[in-house]
Amino acid sequence: MSDKLNVTLHEKDLKKVSAAQKVTKAASKTLTYAFLFLIAIIVLFPFYWMIISSLKSLDEYKLSVPTLFPREILWHNYVEAFDAANLGTLFKNTVIVGVVSTLLSLVITVLSAFAFARLEFKGKNALFAALLGTMMIPGELFTITNYQTVNEFGWMDTYTVLIVPFLVSIFYIYLLRQNFLQIPNELYLAAKVDGTSDIKYLWKVMIPLALPTLISITILKMMGAWNSYMWPNLVTKSAEMELITNGLRNAYTDASGDTNFPVQMAAVAIVSAPLFLVFLFLRKYIMKGVSRSGIKG
Amino acid sequence: MVESKHKWKAWLYLAPAIILLLIFTVWPIINTLHMSVQEGFNQAQANIGVTFDYGFGNFQNVIEYDYFKDCLFNTILLCVLTVPISTILALVIAVCLNSIGPLSRFLQTIYFLPYVTNSIAIGMVFAAMFNMVGNNFGNENELVITAGIINNVIEFFGGDPINWINAGSSYWANITVMVVYIVWNALPFKILILLGGLQSVNKQYYDAAKVDGTSRFRVFSKITVPLLSPMIAYVVITGFIGGFKEYSSIVGIFGEKMGPTGDARRLNTMVGFIYDAIDTQQGRASAAALILFGIIFVVTLINLAVSKKKTHY
Amino acid sequence: MKIVLQNLTKIFPSRNKKVKDEVVAVSDFTFTIPDGKLIGLLGPSGCGKSTTLYMISGLQKPSGGKIFFGDDDVTELSAENRGVGLVFQNYALYPHMTVKQNILFPLQNLKGADKLPKEEMIERAYTAAKLVQIDNLMDRKPSELSGGQQQRVAIARALVKMPKVLLLDEPLSNLDARLRLQTREEIRRIQKETGITTIFVTHDQEEAMSISDLIVVMKLGVVQQIGAPQEVYDDPTNLFVAKFLGTPPINVFEGKVEGEKLYIGDAAVLDVPGVSDQPVTVGIRPEGFNLDPNGAFVCKLQNVEVMGRDVSIVSTNEASLNPVVRSIINADNKVEASETVTFSLKPHKVFLFSKEDESRIYF
């Protein structure tokens, strides 16, 4: 074989090569970190701006050269934000809708996933395939009719309208069914032999084993309630029934169209805080759930 | 599988889901199709006995309607700009994150933060950052009190401030703000998926490349990207699907007027178009929703076809 | 090109910061690998053989010691600058590239003065492919190849850049028994043809013995013995090496030396001149037994396995540290069916080891 490559290392200066390789390595490492930190700053900046703006006075906020830290910390903005937009009611509504719809949704999801994973009945696979097919359709297509339907039902401006139409998520059923299928069927047969009822088996075996998925579903569903905007905006007409996001967008603008930005930012901070806290404690479940779903809200 | 003696049991378990699905999923599909083919359908009039001719007038109307074209243009423009930008950026970030040891987890957590936010709420923060307090920017008589932090930064680097989102702002300035915000919002999910993909790539491929003296760029383009192609296809497809349904991030920045003061609805999207017609022109809304479905369907098919050709194994 | 390892050491820091439990993967390894030879690094898993290989490749950095390629100190040089060829245990073929693209890949990395014209790259790729006899598979993807074919592609990819050193990490472990036999001959042939200094890692002693010019037996990061395969087999330095080499494995007994005689149980089985009185561990190779009605070593006969050329006698002995004593004798000998079987021993197939440190006691 030819020896074009067999230029011995002698010919190159070894010291030079190893020095150059060190420099390249150090430089690329530095560049990588610099880039990642720059991105981190860009990602974090809006949060930082939200917090410092929320603590400024309106006059300070409007300075043509902005201050990077409030001269005087005005906690009062938070009180004002809370009162001005009736955040208390909005919080209450959102929590009620979030908790109730999550609980009901979990029950429905568990029962359906169990039926699809463990029970045998005619048309099971066809039904499941049809359900998965509907996931392709954009939600807006359903909204038009659902809007009429809830109107017909006289549900406008009630908690029901905020909860019921979205209780079934094909995606969650799919996710949980996959999880249930991984649990060996022998466990179910053994339970049947011992005379355990389906419900007891579900409760004692399936649910504990599928707990991580259930937690992911719970978190995603709660986040969904917290972030939902379009549907509540359509079906709530009175301020008493609004959810947090709806109340948030239109408050803090006075009659002249001027916005009290610090107070608005305080409200945004208040609304964002619960999600952040949940994320802090349940990071693992959220990231796992999201990486499997890719569905926001 | 267990041959259950009580087959009704399965149906009992499924009953709540099926009933709700019939009302809120199956019926809407039928009803939407039905409404879309009744020309000029309006529910309020239908309720008092007005009947409508069958035909494809709704579709024709929607397609010929200039305003719909604007909405479609906005939607496609945002898609075409944000999906590639966010995908490439997320890919680079994921590769960098994967190459460092310490701080990698910490940074990953930071990058994920935008995901756990309310897109309307943080949209308001972005609006505040781009906002100028004081109207008619550019008019010499108008005193601009603050140009917004973004403009301050631009001025700091010697540029001229830009009217991003206020009255009199240009369309492209608005679009730029939207692209920045949507990309910021889209990064966490894409980074998460791509990083997960990178971590499952066998490290020996990189060792082999290293022994063979492969340059970093070649490793990236010849090994990382092809091996990651299934994940890249996934984030691109979900990105496009999400992009065609863009709505709330625009509300976040511009409010429900969907445009700067003085030019409301300029940035309206397909979804916005549907919502605008939902109260009074259900026929048109249905037709638009079906068109949206068709577009998403076709784009997804194209994406799948392309990715099948480009993903190698 | 010869390779010199000088006091090569690799210590992996402990994972848990609180507990100090660093792992010494390779300890003070000094050895000169002569030019153009095939070297087998041999040992049970976790003995540091792969770590040694990766340090030679540059993928891992030694904690101490030096590595020389020829006269050049390459210790600080990273993998891409060392110009070695490395074949991974599971081949690491790029799944999205064809065989041809895989083999071309290292050549396409060359830059500047080393850059080759396209025709030459292709010619070289085909030369390498012919050498490992896969030139008819160039347009396939790795997933369409058998394990043995993938192995050859991996070797071709390593050879195409004409490395001064070829490193193979457990090259045969993913192949079935028949292919393994065939491939190891192949590796030997390729190595002979190219004359590239080749180091391969294996846990299979038979594999190492059959093709290596030299074998290095390692245990827990420490080199036990280096030598030509037959030399190491015939003259193990300690009990570990004796036990590790040979199929069937060596028979091990409790024994003692008294008055320059070796006792196994109560029987004086061999004269061991010059060995002081002490308890010992005795190793006897299966071929070290002679059927001898007058022999001193008596075992209970369990069964006789006829293997054609040879006969394998399976028996038991109370002093044996293995469940059975296995001896192999020429098939010309007739084994009578009886309760016991009596042997005399071939002195050069009997090894004595110290009870204290398992080192060899020569006689």
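To keep things simple, chains are lettered A, B and C as they appear, and every chain counts its residues starting from 1.
By our rule, a contact is a pair of C-beta atoms (placed from the backbone, for glycine too) under 8 Å apart; a residue touches a chain by one contact, two chains touch by 3 or more.
The structure displayed is predicted, hence computed values, not measured ones.
Relative to the centroid of every protein C-alpha atom shown, the closest chain centre, again from C-alpha atoms, is found for A. Chain centres computed from CA atoms place B at the largest separation from chain C.
Note on chain placement: the centre of chain A and the centre of chain C lie 55 Å apart, centres being C-alpha means.
As a whole-number value, the distance joining the C-alpha centres of chain B and chain C reads 59 Å. Mean C-alpha positions place chain A and chain B at a centre distance of 15 Å. Multi-chain contact residues, meaning those touching two or more other chains, occur in chain C at positions 78, 80-81, 83, 110, 161.
The touching residues of chain B, when paired with chain A in their complex, are 1-4, 7, 9-11, 13-14, 16-17, 20-21, 23-25, 27-29, 31-32, 35, 43, 92-93, 96-97, 99-100, 103, 107, 109-122, 124-126, 128-129, 131, 133, 144-147, 149, 152, 184, 187, 189, 192-193, 196, 216, 234, 238, 242, 244-245, 247-248, 251-252, 255-256, 261, 271, 274-275, 278, 282, 285-286, 289-290, 292-293, 296-297, 300. Against chain C, in their complex, chain B makes its touches with residues 202, 204-205, 207-215, 218, 222-223, 226-227, 229, 312-313. Within the complex, the chain C residues that touch chain A are 1, 69-74, 76-78, 80-81, 83, 110, 114, 116, 124, 127, 161-164, 194. Of all the residues in chain A, the ones that touch chain B in their complex are 28-29, 32-33, 35-36, 39-40, 42-44, 46-47, 49-50, 53, 61-66, 107-109, 111-112, 114-116, 118-122, 124, 131, 134, 136-149, 164-168, 173, 185, 188-189, 192, 198, 223, 226-227, 229-230, 234, 244-245, 248-250, 257, 261, 264-265, 268, 271-272, 275-276, 278-279, 283, 286-287, 290-291, 294, 296. Within the complex, the chain C residues that touch chain B are 57-59, 78-86, 88, 90, 92, 94-97, 105-106, 108-111, 141, 143, 157, 161.
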